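Lettered A, B, C and D in written order, each chain numbered from 1.
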Amino acid sequence: MFDLILQATYSGLLSGGSYALIALGLALVFGTMRVINLAHGEFVLLAAYIAYTVESQMDWNPLLALPISVVVVCITAAIVYLLVTRLDKNREMNSLILTFGLGVILTNLVLFIWKADIHSTSVGWFQEAVVLGPLYSMRSELLFFITSVVMVAILWVWLDKSWYGRAVRAVSSNRDAAKLMGINPHVTELISFLIAGILASFSGVALYCASVIQPALGNALTIKAFIITILAGIGSIPGVLIGAVLLGVSEALTITLLSSALQELTGMLLLLFVLLALPNGLFGRAGRRG
Amino acid sequence: MLKLESINVRFGGLAALQDVSLLVDSEDMVGLVGPNGAGKTTLFNVISGLVRPTGGRVLFNNIDVLRKPLYARARMGIGRTFQIPQPMHELTVRENLLVAQRFGTGSVNQSKIDEILDFVRLSDKSDRNAATELALTELKALEVAKALAIQPKLLLLDEVLSGLETAGKRQFMQMLSDLHWRFDVGILIIEHDIETISSVCKRVCVLNFGKLIADGTADAVFKDPEVIKSYTGESGA
Amino acid sequence: MEFAKKLAQTAAILSLAAFASTAVADEFVVGSNLPLTGPQARWGQEVAEGFKLATEAFNRGSAKHKIKLIVTDDEGNPAKASAAAEKMISDGAVALYGGFPTPAVVGAANVATKAGLVYMSSGYGGTKADFKNFFQINAISGYQKAIAGTMLDMGAKSVSLIHNTKEGSAYVATAVAKALTDKGVKVTMHPYDSAIADFKPIINKIKLQDRPELISMVGYESEYIGMLRAAKVLKPEVKAIVCAYGVATPKMMADFPAELQNVYGTTMLSYPAEFATKDGKEFAEAFKKTFNKDPDYLAQFGYVSGQVLFEAIARAANAGTIAKGGIAAEMRKTDRETITGRVTFDETGFNPHFVLRMGQIQGNKIPLIWPKEAATGKMNFPGLPW
Amino acid sequence: MKIRFLLPVLAVVYLAIPYLWGGNNYVMSLLVAAFIIAGVALAWALLANLGGMVSFGHSAFFGVGAYLSALLCINYRLPVLAGILMGGIGAAVASIAMLPALRLRGPYFALAVLAYANIFKILAMEFKGITEGAAGVTNIPALPTVMGFDFSSKLGTYLVIVTIVLLFTGSYHLIRVSHYGAALKAMHDSEDATRVVGVNSTLLKAMMLFVSAFMTGVVGAVNAHYINFIDPDYAFDLGWTLLPMVAVVFGGYRTLMGPLVGAVGIFMLDQLVFKALIGTGHQIMLGAVLAVMVLFSPDGLVPLIGDKWKRIRRAQA
């Protein structure tokens, strides 16, 4: 039993890491603009399909797809940003509807271009086992996890120390005051969208290397990222990692201790608990959501 | 009618109100003065239910209302206005009063509404959109009218005169002095301007840094050295 | 007198009906509602290809009767399937054929039943259908027979069964579990929701707690890959991995050669297709020529369903009974060998002879290894992907 | 709803459409499907417009209504119409579980309700003893034949669902013009101001949630008796939330007729035009419609047409 719990915790930790990388971009945009980008999962999916194309068409290692997917996804992110800023009325709600619609368009574009078949990398190296004592994982999962932790750290330090980071935080806490301080909120918001695009590219390529992709996946990714953002609370970058790991571990433990059919239920109950009992998420800045 | 017993409110480390006790009777018209940030509006928020105090009791007609939500206190007869007028959006002036009357008293009485509209001189504006089509004086009048529509026993008026030019102010002051007897309501009024307050209220309370430093007739209060100090201190700052 | 009058009237009506049926005898409309878009699109398109091929084959082979095929996309949605069925019936369809998933089949079959038409399907996931003229050449029981049969022949005493909680998979898994338990095999079930991301906790539970001889998987393509990769990392000490539909296909084998080595999966065909019968060879060639790819088992279902249905229509047309429910009667009389095996229909409309075969991915081939009489290769047992 | 609008609508819906297409089962079945979505769209818009809450979880009410009515009619031989009513009541009761979420706003509320919908679906899957689990409920009794008229026919079902949707529209209208409607309208942008005059905003919001859940449950139940089959995936499909949302955005959620016009319009466009144009992936057009509407006419199509109409009238006068 102990072995089981140990492995489940480890697996949960690793999948939590992958959730975190997927959620990070969504959380950043939400923190900056209070806009939930429901097309974020499609950004990730797009990067994953670019990795597939690079591998299958050019016979390159899928990791080499990163520069291309960064360019493509960032352009897409910039377009989404420009459309979102066109909304003048009731932006919080209308941006949900707009980005949902854009997500539907992207999903169907992926379906047009790449068809409905499932894909995953054929580079066997990624699927080789890494055994650490009693703990088992795939190389790709560890890679995914480490990338995620590094990204969280970089973003955290960057937001904390850099001038842009300060501007982002200023805009997110008080847009008008930031303007008075000479910050152009449009630039900082665009930058956070572009960073979300870069993060989505990393997670997309990692996703392609670690698991199986299909066009319908985008939606599921967005919802997962959305849940983690809420668990973390607005504006908490390390909270994203911790919230994601919490979700991953509790899912894995549910499978081990209860039934595998109940994993989804655990995630949803966790979300409801945080929403209803912890008004600022696990680590969020104070700020009323109710 | 209203009895505050050692009210304390803290926002984080800041003590917004300290041990404030106060009695207001149904025949009273009490002025509440004090420099900016003294805690006047916070006190109103405590009475009407927008802020829950960290300590103390609020009794209204001998009932402890601290656990009662905003709307329930309104139904008991505590009406209030906001310093920055908050009309109910998307409704006309008349609808604003209708909603207040219907939910504040439980029934609708059109002639009463006409009477209030007439009193605050909004009769000819009754079909205007309250949020977008009124001037500031009219918005302030609507604030008072809304509060009257719930048939209050106690009326909390938060700087209804501020921001008005002289003519509007004079007209409003006339209205305020009539309010008391026309609607048979106890009044607690926040006002910045000492002259105004002493011309309308016989009794004045002074708040400074969250503490009630004086409570008495207007003449006596404004001769109190501590009060004078608090005001000059403010102007010197 | 009265009797003679009645007789004359009946004769007149009969001759009219016969005239009517000969007048349209050259062409019969058959409608097909399938999910050509939406989440079930891949299955719908495969089946549609097989059905189309059967139409062409029939029209080539029959001088007297022709089939005109209308295919409508129902997106797998019952309300749209119902509308599609109405549309095709109003366009003169004499019988309908359709789709996935079960709710969409029910939506269209209800309409057909009300109109008194035959409804044929390849995707009804239940064990018994409650429509009067419902027919299906494949049945859940076929999967159960192949999966449970293979595992029993392997002599397994304990099995861990991982399955998706969705309707079709849950049905198959429950049936397999029952068949195995009846023979004294210890079965542990591990249902999972489609939202699952990592199968390692499940596989590890199997490895450390169940310690079975065999693992069986019933789910969808991407999930099989996830399960197999997790198993490859944890390496539970089992002898074989036996899967249901969607694994033993040429496409999956080409895309995931490393993951699927030695894995078993239900199928109808070996790969490269080795058809023993003339029928089968014709089908495989024609399919390759028309669609430029190898047929999979869903295409076969579509093809055989078409064959059986069109022949019944032709027989009913010859007998002049199309307007009087003759197609259903002829369908019930069906008894023929097809490329999916013998087809007859029992009173519930399912084919009691339907059995899937079990294939095993060996190198770049998928020989059939179960049942013995259909086997085209030797079983690698014990055999695992790692 | 003013009489001069009501009469033509009634005439079209009850006379013109049955007269023109009553015998055409294809058109009727498309209309039934469209009005089912319209019913949910109306309930969704009521919650969004009056309650100020955007829900991602209406599939929960749809599914509960469908399951409750189906199971009551099968296991307890309840008449279908009573079952449908119970389906609505059941959905309203189920919405009690969501009351804690009323404290949340905007995306937080939307996500919380989505979580509830997922939980309901998993429960339907797991409580096999009651719901038959993944296998689904078969043989759900059809709408009855009353005085010789078969309401399970396409025309019959059309009349039933249209009547229900119009009754709901009427109730929505009555709520909207009542004092409750005024208070709810005021709450959106000035909640404190509304509460200090005695409005119990939480209670009002809860009532709107009940009403919306009831309506959605009734429509879900009608659909179950129309299709005669439900399983958790179908009855709790997220599509039962998303498609009505698209319809509402398309038609406009501030107006009474917006959800109806939007649902019927978008469904027919999708089925008859988009599908014919692109086939695979025609949902892309739905996404595009959503994006374009939100960007260029966030209040939807009905107000847009209304404005145009007024301008033309003014120009003529």
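In this section, a residue touches a chain if its C-beta (ideal position, glycine included) is under 8 Å from a C-beta of that chain, and two chains touch if they have at least 3 such contacts.
Just so it is clear, the model here is predicted, and its values are computed rather than measured.
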Residual chain clusters - subunit D taken out, nothing else repositioned: A, C | B
Neighbouring chains common to subunit B and subunit C, by label: D
Chain whose averaged C-alpha position falls nearest the assembly-wide average: D
Reference subunit B; chain at largest CA-centroid distance: C
Between subunit D and subunit C, distance of the C-alpha-averaged centres to the nearest whole Å: 36
Inter-centroid spacing, subunit C versus subunit A (mean Cα positions, whole Å): 39
Approximate Å spacing (C-alpha centroids) for the pair subunit B, subunit D: 44
Whole-Å gap between the CA centroids of subunit A and subunit D: 32
Subunit D, residues touching no fewer than two other chains: 122, 125, 280-281, 283
In subunit C, residues with contacts to at least two other chains: 41, 165, 193
Where subunit B touches two or more other chains at once, by residue number: none
Chain contact graph, described as a line, ring, star, complete graph or other shape: other
All touching chain pairs, where touch follows the definition stated at the start: A-C, A-D, B-D, C-D
Residue ranges of subunit D touching subunit B (in the complex, touch as defined): 179, 182-183, 185-186, 188-190, 192-201
Residues of subunit B that touch subunit D when the two form their complex: 48-50, 69-72, 74-75, 79-80, 82, 86-91, 95-96, 98-100, 102-105, 108, 131, 146-147, 149-150
In the complex, subunit C residues that touch subunit D: 36-37, 41, 73, 78-80, 82-83, 86-87, 89-90, 101-103, 106-107, 110-111, 126, 130, 165-167, 169-171, 193
Residues on subunit A engaged by subunit D in the complex (per definition of touch): 36, 83, 86-87, 89-90, 92-94, 96-98, 100-105, 107-109, 111-112, 223, 226-227, 230, 261-262, 264-265, 268-269, 271-272, 275-276, 289-290
Residues of subunit A that touch subunit C when the two form their complex: 3-4, 7-8, 11-12, 14-15, 18-19, 116-120, 122, 124, 127, 129, 136-138, 211-214, 216, 220, 248, 251-253, 255-256, 259-261, 263-264
